[in-house]
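The chains carry the letters A, B, C, D, E, F, G and H, assigned in the order they are written, with residues numbered from 1 in each.
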């Protein structure tokens, strides 16, 4: 945790930090200085930071390769200071599978939105997990297509208004919200499937633990780890960040409750 | 007659609707018009802009890199588009939150403290109308009546009670800009 | 009460107010002014920050750095004994021992 | 003027689809055309259209296949990467001879590229990006008005020839607002009966089968010959292009879609400078107006093809004129739209060279 | 059951049928006379016949539309005397969804192999079921790619030899057999998910009931019905038909046990 | 003769891939090329290759993207419908400049079509079936021997230019057995270092990023200009074709792949009948041997393009000769292979017409 | 024991033997000869068929038609009474009633 | 020299390996050869065929529609390919299970009761070798030694104990065909 003791030069000169230790600062090595392009309050930023904190703290920057498909987080490579590949929409887990098979001793993760992972990428998601690829899949579930301007996603809640469900999602036209993590958890190839959020400090702390665990399991070749982050999309939801996080807790958790869906028993792969 | 203009600012400052109002006004006057918004992920982070062309003849490209007029509603837009104003053109900007004013000497530069005026009108949302008024006063691309007619189209029914307020804002914009002496005369060039 | 403080990289703040909401000390608020990105940015408005890091954790833009006083007291010697040539025994009264 | 409206190209296209009696839309969001899906999800559904947001473009195009096979008037839309995913489906649809409309609001490629306007998908649209010998009828609008008008034409052509029709636009045409007036159109007067559709087999007829599989080469060759025959007919009957100041033109600009508008601007500027320029604008990219170009090749000294790509339609122009006149190319890529004055500069260089040559001759 | 009483002209003249009623004959209306092209003993033939028996007995020939994608059963339309569409590999359920939405009062089914439905078609399968499309999906699980010559399918058993798993399927290279019916059963869009076989007369009788039920539910707009048929592929398995059916019962049933995975409670769609 | 073997084209190609040091294969079964996946699943795995049967062609091509981006020598293979599904991925790979080999064992289309041999995917391979301005280097083998040899060339070209290379064969070349001898090839001597690959970022270098996204049009245009520059280089350096009896030829048959073998047979028959025929066989379909064709256009009286499709390469031939000589086409479709004598008959008709014309002239 | 029989469309039989395997009466076998498709086809080798339809159910090629004797007896009238002018009453003994 | 031949029958009758043996034999003799199997779903239902070309010169097309020789191992193949034999060509067929013999008068027709002979050899699998022997006797496309050498290559190691049996079958085929008078002489044409 070297960087936690490193003394940064405080930006607003006003505050005095004499005799105080720095107990929290952004990861200095793994997170670039590029300002994030996300909308104010967007969860993507938090998850990016946490991921990079873990990479920095585990000292695996040199071994980690990330894959981010198109979606608002397509620019992840601007912010994460590690080798990265941008993937076609929905194919991140296939791309990550291939990278991992070529470089089995590297730590590989994909970072995918719900439109990406649960709609166009459904087949790749299921088969990556079913093959038990030794990677971490980070699943940002904000129940909407953020980047393209707020269309309905497979994860969109019933009754939820989006630009393609202007009167609210109905079962007749669009079917039910897809709980893909629950599906993935049933597959023998996965070793750790868990659902988190970043709307409170404690939630963030939990997520960080989950990601750390996932990388640990990956080192042990336990199979696929799948971390869902129930996220917000203030812009797509047409709410303020505070409203969005409140709405998230009240409306998304009932359907997507935080917690572990699957934890490793004995290694699922001999 | 052909006027090519760019309006830029933060999302939420009413950049797009301001442009659309102009376009409608042009339509009301039977002119050829095109309205081209910035679109897609570059809107993340909250800046928006649109290009409006009002012309008597057919319009070829709706997307341009230089303009007769640039209206900038914030510092980043000002910095980004100052250079896009054609020599002799007009750069009109909301001055309240601008720290580094434009430097060019070959164009007409008009600062408008619209935010301040808007506060006086007790409605920040009128800011863009104030700026629009100022622009109309300077350029006469379309007539004020056409703009009011256009507003009626652009504003959803449920906001029509705001039409008078918008007219007031428009006129206020016209007043303050006539008062404001501007830094460079076209003649300077 | 632990003493802490926070610093902001104001230019990267987007004024989402998430930090303000989670501060147990209500030490934060948005500034009336805006940064060059046009956002009212978060600032420390009281000196009661405990350095709990809540704000930094939820900040989507990694704007915040948190500092906290080091509560671990350094051990102070109770005596200095030098030039010992014979076995001696030293006892320290429980009271004066460090926790 | 009463019913003139100010609309985005994407919205105008969607509105026209509803008015054209399109029964169903299957699509997936992608910039810069998501407004089509969004408009139809609202207006379309309200006015009785089946609008399904599919799980992918692959699913979309195959839903179009199913719906068209069931006799519906049906469409999908996407932009470049999404259209690439539809290539297998398009080949199937062409082979099974199913009428439908596919809209490509072209963005800058290759790869994920940019979402800005481009004409980089000309080859894919015109030569057949999918496998095997097939073609789409390809219409290239140049204004919001045509974004609407061509929808009617597209559906009618699709039904007349039992073939997929593509409207190939670009991001700017999709996103910009212009004036548009909707043509009167009564679907019932246009939509033919579809006795071949799989609607359930009554005792009175043989079963209908929608397929593109013909294991026996002889049979498959027959299918292909029939398709080629159809493409010849289309070539005979449906070529469309637009001329601007070509009558006395010595130099011809050839451009389609948005680039044609730039070209028109350039023609005006060039003539202002005394250069007798003209514009030929292919409206149907397939079938291509080769005959008209051959005719003009007999008249002009040179041609300049202007595209928002690295040079694709220019090949069809060269194929048409077969070396009779020099054919130059000017293009911008990556989402950049050339300005009329760049085009004029490119034209001038041709003129100069041409004059120089003549100098030698006499 | 009119056709059961109709007297056919016996093919081999030898046998006398005087005074006997015909108690079983191939469906006369819905099954064409074209000889099936399937390999000897292939289950496809049985399932084709049963499907058409049900269509004939329910008198829904005029209303029924079938979709068969590429796979050995791509030629189903040669045999089933109903309107049919051939679908691209993996897309049958998307095609069927569209047909059903265009013609909601028709009875629509897709007929798909395991390579088709559980590999390339995974996304379409899951989303069709998740939308609760009012169709019947008949899933022929023979644990192999029959038509292309016996390659491994997602459903191939561990250790099973195929042309692409010549030493037997291993988890390391190919992951686990995919129990897609189990996944589909978890989706709220499905109303009836059941697994059958045709290797014994009783199994065939059960399957017939299941298909009849499925069409009934479809009439009632209950949502997606999914009928898996654990099938054989003598050619791909390199066994005689008898060996194949024996192997099927002994080796496939443990992983793919016959029985209902989901039966309708109250209607899953309001 | 010792190490001459009798092998199927698909197997020879797969064996060559192993010998070329191909690290990984990702693919999905489809007739008539499944033997590639099958051979590699056995031999390839035994000899240390990563062989993954993907869930689809879409997954396959994106796995190729990932593996190539991670620095591996990697390939996939499929046949027409499967290749259509790869078009988006191919466009990404070309844009991100990733080296890889894609094999298309062409079958008869469009749609599901037939599994018999065809050349119907020429346009898709050469003009870019995916979106945007990009090209694949396309090699067209004409024998089982070349099915093997071109694998080495393909991988080397892919690495040299950081571009996807396609081997475009047909069902017959894949399925037939012929003699083949494997060239000596030491991968280590050919595979260059790949400092751009995402292998994990050491402190000592900036992070590597594999992407095809460039939101700013200016940037995206730069990428495109670089790609076009690369394609020009490839055009300069890598054109390959084969001539057969062209030196004194008055009539030229132009054909590639299996059709070129038929063409060769036809040339012999024609010469037996006193017609001075010759054959030009493009080996690289992209870059296309236009210069050589232009040269021959100065020599011959006419050209006959023979393809197993409705006429695709014929366009590139016409583009090359620009009307200098008449260019006729003869093709069969749906999986039918033309016979040498059909070709000769087609050639004769040209000869007759040509003679007639000359008659007029003098 | 119910009497039944089966007929085969021998030309479409592929000799898969599935029918033979499921016949409880072991009434079926493959013929030594082959049909024009080259298959040894199934034939009835005993007259003990009960018409249970097992064979037909498992046949992949819909080759088999099954017949069975009709076990339901037709009702036989026990008496015919005509020209009734006055009320009469008729009874039938239980035994002779049909089941 | 160039010989183009088609072998057709049921899958399992050894059609493909028979062709491959010929091809290998040609290779052994340093000839150009091609072997082209029927492939894909048309194999469902159990018929198979392959085209073998043995030539001194380069081979253009591996797929043909007419042949110097057709070898048919069953009735359907006979019916399907009788017409594919070139005038003056050879039609050789396994006659045991053939009900409708060929009718053409312009070709050489050779029935071979190979199945019967195979039964005598107590191994039905030798049937195709018997037919192959008969063909070699009639055509001399390749030498018997080459064929034996080829067999050693075609047969997997574990079956090499069967080589002698195959040779016997080959020779048996040669004998019976010399005995069998055939119905039409080339001279008849």
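Methods note: a residue touches a chain if its C-beta (ideal position, glycine included) is under 8 Å from a C-beta of that chain, and two chains touch if they have at least 3 such contacts.
Small disclaimer: the values here were computed from a predicted structure and weren't measured.
Chains touching both subunit B and subunit G: none. Highest inter-chain contact count (C-beta pairs) belongs to D-F. Our note on geometry: subunit C versus subunit F, Cα centroid distance of 66 Å, whole angstroms. Taking each chain's centre as the mean of its C-alpha atoms, subunit C lies 91 Å from subunit H.
Subunit F has its Cα centroid 41 Å from the Cα centroid of subunit A. Chain contacts: subunit D has residues 31, 52, 55-56, 58, 81, 88, 92, 96, 112, 115, 211-213, 215 touching two or more partner chains. Within subunit E, residues 38-40, 70, 74, 86, 88, 119-120, 122-123, 126-127, 147, 154, 174 each touch two or more of the remaining chains. Among all residues of subunit B, those that touch two or more other chains are 40-41, 45-46. Residues 10, 45-46, 74-76, 97, 99 of subunit H are the ones that touch subunit G when the two sit in their complex. Looking at the complex, you find that subunit D touches subunit B at residues 1, 4, 6, 31-32, 115, 117, 171-172, 175-179, 258, 261-262, 264-265, 337, 339-340.
Residues 61-65, 67, 70, 74-75, 77, 80-88, 91, 94-99, 101-103, 106, 123-124, 126-127 of subunit E touch subunit D in their complex. The touching residues of subunit D, counted against subunit A in their complex, run 28-31, 34, 37-38, 41-42, 45, 51-53, 55-57, 81, 112.
Looking at the complex, you find that subunit A touches subunit C at residues 8, 10-12, 15-17, 19-26, 31, 35-36, 38-46, 49, 198-201, 204-205, 234, 240-242, 245.
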